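The following blocks contain the structures, represented as structure tokens.
In what follows, chain A forms one complex with chain B and a second complex with chain C.
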Partner chain A sequence: MYDFGTIYEAKGIPDAITALMADENAVVLCGGSDVLLRVREGRLAGRNLVSIRSIDDLSGILQENNETIQIRPATTFAQITQNELVQRCIPTLGEAVDQIGGPQLRNVATVGGNLCNGACSADSPPVLLTLNAELEITGPNGARRLLLEDFFEGPGKVNLEHGELLTAIRVAKKDYEGYFGHYIKFSQREAMDIATLGCAVQVKLGAEGKTIEDARLAFAVAAPVPMRCHAAEESIRGQAVGETLYDWFGRTALTEVRPRTSWRASETFRRQLIYELSGRALKAAIQKAKGEGSA
Partner chain B sequence: MRIIELEVNGKKTEVAIDERESLADTLRERLHLTSVKKGCEVGECGACTVLVDGKAVDSCIYLTLWAAGHKVLTVEGITGPGGELSAVQQAFVDEAAVQCGFCTPGLIMTAVEIVGTGRRYTREELRKMISGHLCRCTGYQNILNAIERVVNETHKAVGK
Partner chain C sequence: MGIGQSLKRVDAYEKVTGRAKYTDDLAPAGALVAKVVRSTIANGRVLAFDLHKASLIPGVVRIFTCFDVPDIPFPTAGHPWSTDPAHQDVADRKLLNERVRIYGDDIAVVVADNALAAEQAAGLIGVEYETYPPCTDAEKAMQEGEHPLHEACPDNLLKHTVSQAGSFSFDALSKEKDLCVLQANYTTQVVQHCHIEPPVSYAYMDSGRVVVVTSTQIPHIVRRVVGQALGLPFGMVRVIKPYIGGGFGNKQEVLYEPLNAWLTTKLGGRAVKLELSREETFFGTRVRHAMAFSIKSAIRSDGRLVAREGWARSNQGGYASHGHSIVANAANAFRMLYQDEAGHHFDAYTVYTNLSSGGAMRGYGIPQIIFALESHMDDLALAVGADPIDLRMQNCMKEGYVDPGTGITCHSSGLLECLEKGRKATDWDSKRRAYQNQDGPLRKGIGMAIFCYKTGVYPISLETASARLLLNQDGSVDLQLGATEIGQGGDTVFTQMAAETIGIPESMVHIQSTQDTDTAPFDTGAYASRQTYVTGMAIKQTAEQFRQKLLRYAAGYYKKELENLDIQEGFLVEKDPQKRIGPLSEMAMEAFYSLENAQHITAETTHHCKENTFSFGVCFAEIEVDIPVGKIRIVNLLNLHDSGILINPQLAEAQVHGGMSMGLGYGLTEQLLFGEDARPLNGNLLDYKLPTSMDTPELQARFVETDDPTGPYGNKSLGEPPCIPVAPAVRNALLHATGVGINRLPLNPQNLVEHFLHAGLIEAKTVEGGRQDV
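So, the complex of A and B:
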């Protein structure tokens, strides 16, 4: 038996917002794989829950008229990985969330929860950051839009007021078309483990695949929040594709990150991983862009 | 308390529950389906795995409320009317894939889901598919042998 107060199954987005506004201590519940554990640990004991998992408008993946991909937040990791649109347009996301937990967890845990928990170790943020994902947040006063990059405020803290819900994650066509990506999760086990470090890259090559037209780099666990590395991206933009890029990319990334020592790994080790994985992820993404690996 | 209706092991079932109950609790304590084991109770070990609408979930972190109107399958629901073992269970016996037995019901349910896809998988793919289970006796090789065997046998029986 879980030690929460009451649970309210919201019937729609406005209904959920009304329920949240009526109880300033209420907590949003979706897949349950984080919130129920926090109830169990006592951190959310006694709190009332507003469940949004039955709201149809919050789940699914669709393509909007301008070919923007809209991922609704209550979509599970398994649904994302199996989705045809994701596989075709933003395969890196499906590959990254397929490394979270184990199969049973991926059948219940949702991408919205992965973002809203604000964990620096979450696996979906690095890839979504490299796709310039934009969030739609709906509250009692309507909806607002915000770049994912501006969403993370600190460990476990995101730009969400009480009564607001994440209602959509969008990736525009200009941000995925022509890009090839790669995500590396470094962890002690291949399943049921949290990333020691996560590294995502998206790359777009210039004519004949000889130059880097654009590159994007983002990390999990390289700072108190998931982060982009704009200087590293800028440092290789326009450069010729070649072995020296990888070293340079990693070195520049090291000037931007703020990793810490935790029981999982030391700061020194994390810095080594940041250097090493940046280059490896870039190399893998370039290979995919050249059609040398699976896209 | 509140009464919900769901299908458990093929039978329409009405059960009075507390809204704060996990599906593992309801299945064990109210419906006496004790094949469902509570191991870690935080969704890491997979001992409580059951199928909800054919998909494996950790029933310890799944509220019973969410199963209302859905189909739940446990090991009790896969044996024959006279208690005959299903093909998956028989494969576990034949390959000695059971040591202490605590992880077995959960793994059997995941195997049921895998077999149900009607596809063949490589050993590596199967390893990933059972990665949400912990066997503290560390008997993974025989478990993989059993699942590989039943997947291949079913595939042969069903067709190409």
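So, the complex of A and C:
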């Protein structure tokens, strides 16, 4: 038995926004895999729910005219992994979200929920951060856009006002074309687990695959929010591909991250993972870029 | 079929089709729902409640607090009662407790007509406490005296016992050359059983008696404890045990049945259901005791153990539960598994703290001591340059051993054969050589660990079991037992035993799976890997008597010589010359409806078992460790067991697989964590790392079948043993792979990385600002 007040099935994006604006106590429900847990735990007990589950306009993946990929937020993880466009243009995202929970969860939980929860351990943000993803947020006064990197404000806190909905996630062609990526989810179990550390890399090689034209690095659980490591990226940009890169990449990342000790993992352990996984993810991404298959 | 055949589980179809009914399936519609109100402190006293807000929730029927319950302390352990007051279980709690000893202690209960109202009301109850500082550490708890958890134990020491034999002095020994002395500490963590079905019961009154339907391993013991806790004559309590979704020892404990029984008596006999959530199950039931060990050994360069001394400190948590018997069992295994030339000395302490209470869990103290002892044996092997298998063969218990502490005799042992077979199957010798002196981030290793395990609890406690066989009109038989099927396959092997001894096919044996204390004969239940042994003896004895009754009736009916009659495959036969006389069904109809000699042929006996025997086994683990991230991958895992004759090889193998999986979780990932305030931190299945199927490698189980002279069918214990040796085998493989011996469970990545940093296998990274990160 779940202790919630009312549930309203919104008929469209404007209807959902109206329903939310009419009830400051209301909570957005989509896949429900986080919200219902919080209802059960008591943290959202008794709250009214506005469901956006049935809004067609919030679901699906498409390519816009300029070849920007648009992922709508109510798309489930399973749909993302199985999507042909994702597999062709941004396969790292499909691989990352396929490591979340188990099959049952991946068929209800959505990428929008994964972002809007603002959990530092979420698996989709690191990859989307390395793709320079941009969000479209729609509220009572219309739509606004902002970079995913500017969306996360603190643990469980995102740049979203009550009455606003995440309505699209966009990845521009310049941010995926020619890039090869890799995501490492480090967790204690091979399934049904949250990341002790998540590490995403995208890399674009220069001519003949001998230099790093561009690299991007992002983490889950390396700080209170999902984060990019711009200094580490800059430190290897233009450098020759080779074994020494990995150590340097990891060491530079360590200067940017802010992991903490909790009962889930110590700071020392997380730092070791940050160092080690940065290099491993970069190496795997370079191997993919060279057509050598994943590490 | 019969003994030694892989008969399909008798409950297989019911369980896989979902027709099997479990406690919650049977609860009557309209049953009231009880929700326990739990303390939000771990140490203190309840001074007062404010029930006003809670009582206003629609649907709330009654709220009872710790100030309302009978002033009767009662024990919760599912042991047979000891008629000797000195050996009785500790009665240290009431139905609800005013003195708070653990976080989430039972301080009040809400009864409502639905679960949501009960939960809402429970959350609205105001509680005023007097709080004391919580203590989670057993060593510290022994030093504190201001607020002992139980008045009877001012230093929080529940009990201290000593096991010793021979006389020796390490001072003198250390002067001998050719002798190596080694001391180390080992620690194990708190884990939980994680049975799928949570503790659940419902209780109602019928004709003035209290009926409790519950998911339990021990229905007859529940009956007694409910009677004790409520001050009711035991005959006024009836306990029914349907199918159960796992117990692993947590349901060898009388947890919430007494409270539930009391509630129905306060509510006019209306049915009340009490089901725990997963979170409540983690901290509010029982856990495996965390233990700390010290072991010091003197060993000769030829590998002979000369003397050992050590201690174990068992963290009991807030309530005595099974009390000292668990660490005492660990001390026994320390003595039994290896025999020292000069002697041993071992101190065992059980200490109350504010952690969740330790109780029975598969292996009963042995997984803890075997982790310590078998880790230590590999440390010794390394110190004297011995092969770990050879060292064990040289020093382990052999056939004919008589334990000085308990008198238990080693009637049969396949341990040496298990070791030999495992050595070959794993290619041990060449892998031990091949994996020496590796470098690089990925390294392999192979390790092993052995154990011995008793079968049942004699002579420490009573061993008794009863069986009843009733002839049906078609010649089939009903088999009624007090022993319980808890998922292990008990009903199937009991069916095989009865069929074998009577001489009928298993299809002619109908076992009653549900125990109802009104009709099930007395048996103390499923624990201590005892049922195939002790209940098996009762079945064999009863079936022999039943068979004799059938033969006697047949001799009269068919006018044949009794001595020349036999029952085979459901037919009465003459032995010499071999000839079928007729099916049992023919004789059964005569026995039921004869105008001259009608009788219901039945047999019922109790077997008072005054015997015990050792089973043995070994785990071999081959691993690959990813050093920079501290992750162990199991390459190969093999358990070899001597559990005597296998009644059902397929079920035996399944039992071993389940145990190995539990052992892997214990070794690699599982730990229930508590904060400084003794609040559980990860009491849910996301944060508590129970392995999934994705984490479980191919598991290999093999057997060496000895024919134990004391086992009813040559069989010995098997239920608990498979989980015991896995963790130390993995730990020893890691030692082999890296040279780093880790003496603290679980061997999770953080633990490994910390040790690898310390050992210099991982370089500590200095970051900007000159900060050293280790």
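Just so it is clear, the second predicted complex is superposed on the first by the 293 of 295 C-alpha atoms of A that agree within 3 Å, B and C clash if a C-alpha of one lies under 4 Å from a C-alpha of the other, contacts with A are read in each partner's own complex, and residues count from 1 in each chain.
The working rule: contacts are C-beta pairs under 8 Å (C-beta built on N, C-alpha and C of every residue); 3 or more make two chains touch, one makes a residue touch a chain.
Only a predicted model underlies this, so the values are computations on that prediction, with no experimental measurement involved.
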First (chain B), second (chain C), both or neither touched by A:Asp3: both
Which of chain B and chain C A:Arg47 touches, first, second, both or neither: neither
Touching partner for A:Thr255 - first (chain B), second (chain C), both, neither: second
Contacts of A:Leu277 with chain B and chain C, given as first, second, both or neither: second
Which of chain B and chain C A:Ala265 touches, first, second, both or neither: second
Touching partner for A:Arg72 - first (chain B), second (chain C), both, neither: neither
Which of chain B and chain C A:His182 touches, first, second, both or neither: neither
Which superposed partner A:Met192 touches (first chain B, second chain C, both, neither): both
Chain B or chain C, by number of chain A residues touched: C
On chain A, positions contacted by chain B and by chain C: 1, 3, 102, 190-192
Residue ranges of chain B in contact with chain A within the complex: 18-22, 25, 41-44, 46, 49, 55-58, 61-63, 65-66, 110, 128-134
Parts of chain A lying in touch with chain B, wherever the complex brings them together: 1-4, 6-7, 9, 32-33, 36-37, 40, 53, 78, 101-105, 107-108, 190-192
In the complex, chain A residues that touch chain C: 1, 3, 42, 45, 102, 186, 188-194, 196, 250-251, 254-255, 263-269, 271-273, 275-277
Chain A contact footprint on chain C (complex, rising order): 114-116, 119-120, 123, 628-630, 669, 673, 675, 681-682, 685-687, 689, 691-695, 748-750, 753-754, 757, 762, 765, 767-768, 773-774
